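Several structures are given next for inspection.
What follows is a pair of complexes built around chain A, which joins chain B in one and chain C in the other.
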Partner chain A sequence: MLLSVRDLIVRFRTHDGTVYAVNGVSFDLEEGETLGLVGESGCGKSVTNLAVMRLLPQPAGHIENGQVLFNTEDLTKLPEASMRELRGRDIAMIFQDPMTSLNPVLTIEEQMVETIQAHRRVSSVDARARAIELLGMVGIPEPAGRLRNYPHQFSGGMRQRVMIAMALALEPQLLIADEPTTALDVTIQAQVLELLQRLTKERGTAVILITHDLGVVAGMTGRINVMYAGFIVEAATTPELFAKPRHPYTVGLLHSIPRVDAGPEEALIPIEGVPPDLRVAPVGCPFAPRCAWRMARCWTENPSLGPLEPGTTVRTSGPEATHRVACWNPPTADEAAAGAPQRPGFAPAEPPEAAGRVAAGPGANRLAASPESARDR
Partner chain B sequence: MSPTDAVSPVASPADAEAPLLEVRQLKVYFPITRGIVVERHVGDVRAVDDVTLTLRRGETLGLVGESGCGKSTMGRAILRLYRPTAGRIIFDGQDITTLEGAALRSVRRRMQMIFQDPYASLNPRMTVGGIVGEPLDIHSLGTRNERRQRVEQLFEIVGLDPSYAERYPHEFSGGQRQRVGVARALAVNPDLIVADEPVSALDVSIQAQIVNLLERLQVQFRLTYLFIAHDLSVVRHISDRIAVMYLGRIVELAPSRELYDAPRHPYTVALISAVPIPDPAVESRRRRIILTGDVPNPAAPPPGCHFHTRCWLRERLGNPAECVEVEPQLRTLDSGHEVACHFAEQVDGSIAQRRAISGGANPPAEAPGVTAAQTQPLPPQRPSAH
Partner chain C sequence: MRNGPALVGAVCIAIFVAAAVLAPVIAPYDPTVGVLADGKQGPSLAHLMGTDLLGRDEFSRVLYGAQISLTVGVVAVFFGLAFGSVVGAVAGGAGGRVDAVLMRVTDVLLAIPGILLAIGIVAWLGHGQLQIMLAVGISYAPIFARLLRGTLLALREADFATAARAEGATPARILLRHLMPNALTPLIVQATLALATAIIDVAGLGFLGLGPGDPRVAEWGEMLTDSARFLQSAPYLIFFPGAAIVLSAIGFNLLGDGLREAIDPRLKR
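Then we have the complex of A and B:
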């Protein structure tokens, strides 16, 4: 196993209170595997990976609990000096906005040579030759001349190519790509994704692709974890997840996005309400307030991620990975297709009387949705 | 006169035929100047370059294109937030191209805008009730009491609790803020709403709420939308017709289903082909057309057809000189598409092209008359920008 994250809990201490960002996340990744982490803003997908890299914003963020085993070594216990060596060499990262991750006052050459020489004992001449080779590899015309340019002299798509070249410079075993194409236009996104896929496949690099775009993960990954409010709520191979989604949130997401190849009478079924405030300690299933399938126990007990059939031997990685879901009342196949519960007489359970969690206190910045919004279904 | 009466839509049978909005040969250029004391005019960014289109009453026209193609400038110029360089804008039979002052304000009551960023487009120091009521104050509609009632009514219309009217924008989530933005646009009961990327800044699960809200309001209030977005899936979902823009020009205009089923401009084909589809089975069958390079500088667009520097079709046809020398005009094909391409007939919906768009789902039986050249496969996933 290349990477094994166990019971990861990440919290942020802020002036407004504790933010429960990641609440017990476990997943595995084999060598050469591509894993998608899907979810909306604030679901903990980026924080999970910053924790893996030990790059959480300091001093607010810290790993409260859990292990990050990379080649069986626990990264949470590694001294900072060893961690610095490992970053870039073994695990590399690409961010959404290449302009903020490249240094604007250094040329591309200075930055690439520095990266290479930080990890390899090579002469500047050799490092420069390697940099030219890498820029050529990611499709930058006239790489030798472009090396002397500054980041602002590149377009957005070209900057992301430079980032990919730098990330792959040391042939890492794992590449974490955090929304790598979200800031790019769609035709440029297609270029960059194609490049990323080709290069990682050639080198057998494992990839964690973090995105909110279900279309991007559909074509790029072998396996997907769907995250919500700091939990993994559904985990499956990519074909399985799209063919048989079993968590109400996944079902909701698939019905909220229009498809460019859809039929004439495609109705969107939005997910009601808003994502939860992460400054409130999670009680019950985090998705319950927005869920059409919720039952009484969903308000109080949080289901754990488990196989659909109890007693199944669980495989956590690879193309044969077991489909797992964290739900007390998973939608049936018909319901998943319809996007709503189909059982006669079923109504979502009302919140328990004493619940204080739906009240909008003075500090809460999100107000409960009015019942009027349900009309837009 | 109550504010609701004052702003009820006027639609007499006579003007039901006439388009609500006509844009004729619109140009919006932004000058580039050099020098500090004496500013010399050294060129123009041609944001909108000779665009002609009409908006029918009650329809949704989608305007798509990549960043910098001029779609937002177009939307703002229509509302006269920019002064057009050339061309005419005719709103409900009235030429508004050069209107100023009170006359312009009175026209603006009938055309409103919804902005992309609900965080930036709401004044953080005003209550949301004040924000929604402000257009009524500006246009002096109704008494104070009537305005308050109208604001309450608007909150209910867009699905917000009227008791939230005294709160400030930061207390709301992105989706709720966008509802406030929609309520503000509706306040004066406009005929035309220009929505500039209204859902792009929102989370996926919230986008659908706003899209459905806009659709419901259109039916309820007989609104006409100009829906500007870069997300082709959303535009396709909401629009009746779609105009595709590239470097300040419309390259294709067609009813939305037809545009996606049988695009005729090579840029449209590539654009649709680049949109990821949330279905791994479809994705694995697709053979994308990947455009090389970036969008050229709009201050110095390529001669002839603006798209020729990145065109896959031109390459396949052996780089005909016409593309570089002659600027293609928007022309109507037999299929009813309006296309600005000399060789649009060569974009024929062959199997290879269908595969680029939708992975070849439901490919039509191959017509016997199809020539070998037409079914020649597209260059498969060539490594780009070498």
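Then we have the complex of A and C:
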């Protein structure tokens, strides 16, 4: 196992109180495997990976609990100096915005040579030759001349290519790509993704691809973890997840993206409500307030991630990974296809009275509009 | 630069620097030697700006005064920039408790008016040009320290800083190679603006009798003190050194504002 994250809990201490960013996330990654981490903004997908790299914003962010085993070594216990050696060499990162993740006052050459020399004892001449080779590899024309340019002289797509070249400079075992194409034009997105896929496959680099775009992970990854409010709510291989989504949130995500092959009657179904406030300690299932399938126990008990059929032997990684879901009342295949519960007489459970989180749910609107509260005002 | 005021500023500074550098060539008389019999003469062809009480040529003295003002001003600002940058870089780079302590000390210094602080330091270190430079420099250091620290704090959160950390760069390397070059522009602008006030402060110290200490040296502030008594009989003795101070200060101010406008994209018209 290349990477094994166990019960990772990340909290931020802020002036507004504690932010429950990641609430016990576990996942595995084999050598050369590609894993997609999907979820909406603020669901903890980036924070999970910053925690793996131990790059959480200081002093607010810290790992409260859990292990990050990289080649059986627990990164959470590694001294900072060893961690620094590991960053870039064994685990590399690509960030969302190529416009801001390159230093504007240094040439591409200075930045690439610096990265190479930070980890390898090579002369500047050799490092430069390697940088030219890398730029050529990511498809930048005239690499020797471009090396002397500053970041502002490159277009967005070209800068992301430079970032990919820098990330792969030391042949890392794991590449974490945090929304690598979100800031790019759609046409450039495809090129950059194709490049990323080809280069990592050639080198056998494992990839964690963080994105909110299901279209991006569909073609890029072998396996997908869906995250919501700091929890992994569904984990499956990519074909399995798209064919048989079993968590109401995944179902909602798939129904909220327009499809070219959709029939004229098929409407987009938005996910009602807003993500929970992460400053409130999670009680029950985090998705319950927005869920059409919720039952009474969803308000009070948070389901853990488990196999669809209880008792199955669970495989946590690889192409044969078990389809797991964290839900008390998973939608059936028909319901998943329709995007709404189909059982006769089923209504989503009302939130328990006087619970602290009622205000966050869609039920809050109904309560506010009730005659009693109107009279009170 | 399509910036009128900044151009005017640059011309002022150019005249000022030329006067300082070329003083030995242009000056018609020795600024330290006077003919007592010719004392307190009004402007004439022989003495363009008249003569002072001791019969020294006022024009020559204003020219040589530019030398003093420019060197003292530049060196003082350089001292301030050096002290301030070190403190600001350490505070912004280290953060945490080190930052808190250094910034509280800076706050205390900032609470004291600059000229008062400078007077105190001159009183403590004694008369002399070096002392003035140090005094004015130290009184400016807190501004530079705050500015650099603030810029560094903002830059530390920049994507490229995180990217550099993700590549395994050491904290020292990130500070010196990635953050500092990006933090220099506001410092340069502030230094140009500080030159304007430094010239006024140096003249102010001279006016208060805390100048270079040598009465032969032509220093604009001291020239004002010497002639204040004759404000009614010989107003030109106040006018010319005063105008020199005002024009050079305005020059640096306009240039500094222009630089800031040219560098800061938010202020671009």
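Just so we're on the same page, the second predicted complex is superposed on the first by the 358 of 377 C-alpha atoms of A that agree within 3 Å, B and C clash if a C-alpha of one lies under 4 Å from a C-alpha of the other, contacts with A are read in each partner's own complex, and residues count from 1 in each chain.
In this section, a contact is a pair of C-beta atoms (placed from the backbone, for glycine too) under 8 Å apart; a residue touches a chain by one contact, two chains touch by 3 or more.
All values reported here derive from a predicted model rather than from experimental measurement.
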- With both structures placed on chain A, which of the two partners, chain B or chain C, ends up touching more residues of chain A? B
- Tell me which partner A:D185 touches in the superposition: chain B (first), chain C (second), both or neither. first
- Message: Touch test for A:A118: chain B only (first), chain C only (second), both, or neither?
- Response: second
- Message: Under the stated touch criterion, which partner chain does A:G204 make contact with: chain B (first), chain C (second), both, or neither?
- Response: neither
- Message: With both complexes overlaid on chain A, does A:E85 touch chain B (first), chain C (second), both or neither?
- Response: second
- Touching A:M166 in the superposition: chain B (first), chain C (second), both, neither? second
- Partner chain in contact with A:L102 - chain B first, chain C second, else both or neither: second
- Message: So chain A touches chain B in one structure and chain C in the other; where do those two contact lists coincide?
- Response: none
- Query: Hey, which residues of chain A end up touching chain B in the complex?
  - Reply: 40-41, 139-141, 155, 157-158, 185-191, 193-195, 198, 212-216, 218-219, 238-239, 242-243, 252-262, 264, 266, 268-272, 274-275, 290, 365-367, 369-370, 372-377
- Per the touch rule, the chain A residues reaching chain C in their complex are 53, 55, 57-59, 84-89, 92-93, 95-97, 100-106, 114-115, 118-119, 163, 166
- Message: Per the contact definition, I'd like the list of chain B residues that touch chain A in the complex.
- Response: 66-67, 156, 158-161, 164, 167, 170-173, 175-176, 179, 203-209, 211-213, 216, 230, 232-234, 236-237, 257, 260, 270-284, 286, 288, 290-292, 294-295, 357-359, 361, 381, 383-386
- Using the touch definition up top, name the residues of chain C that touch chain A in the complex. 95-96, 157-160, 162-170, 173, 177-178, 181-182
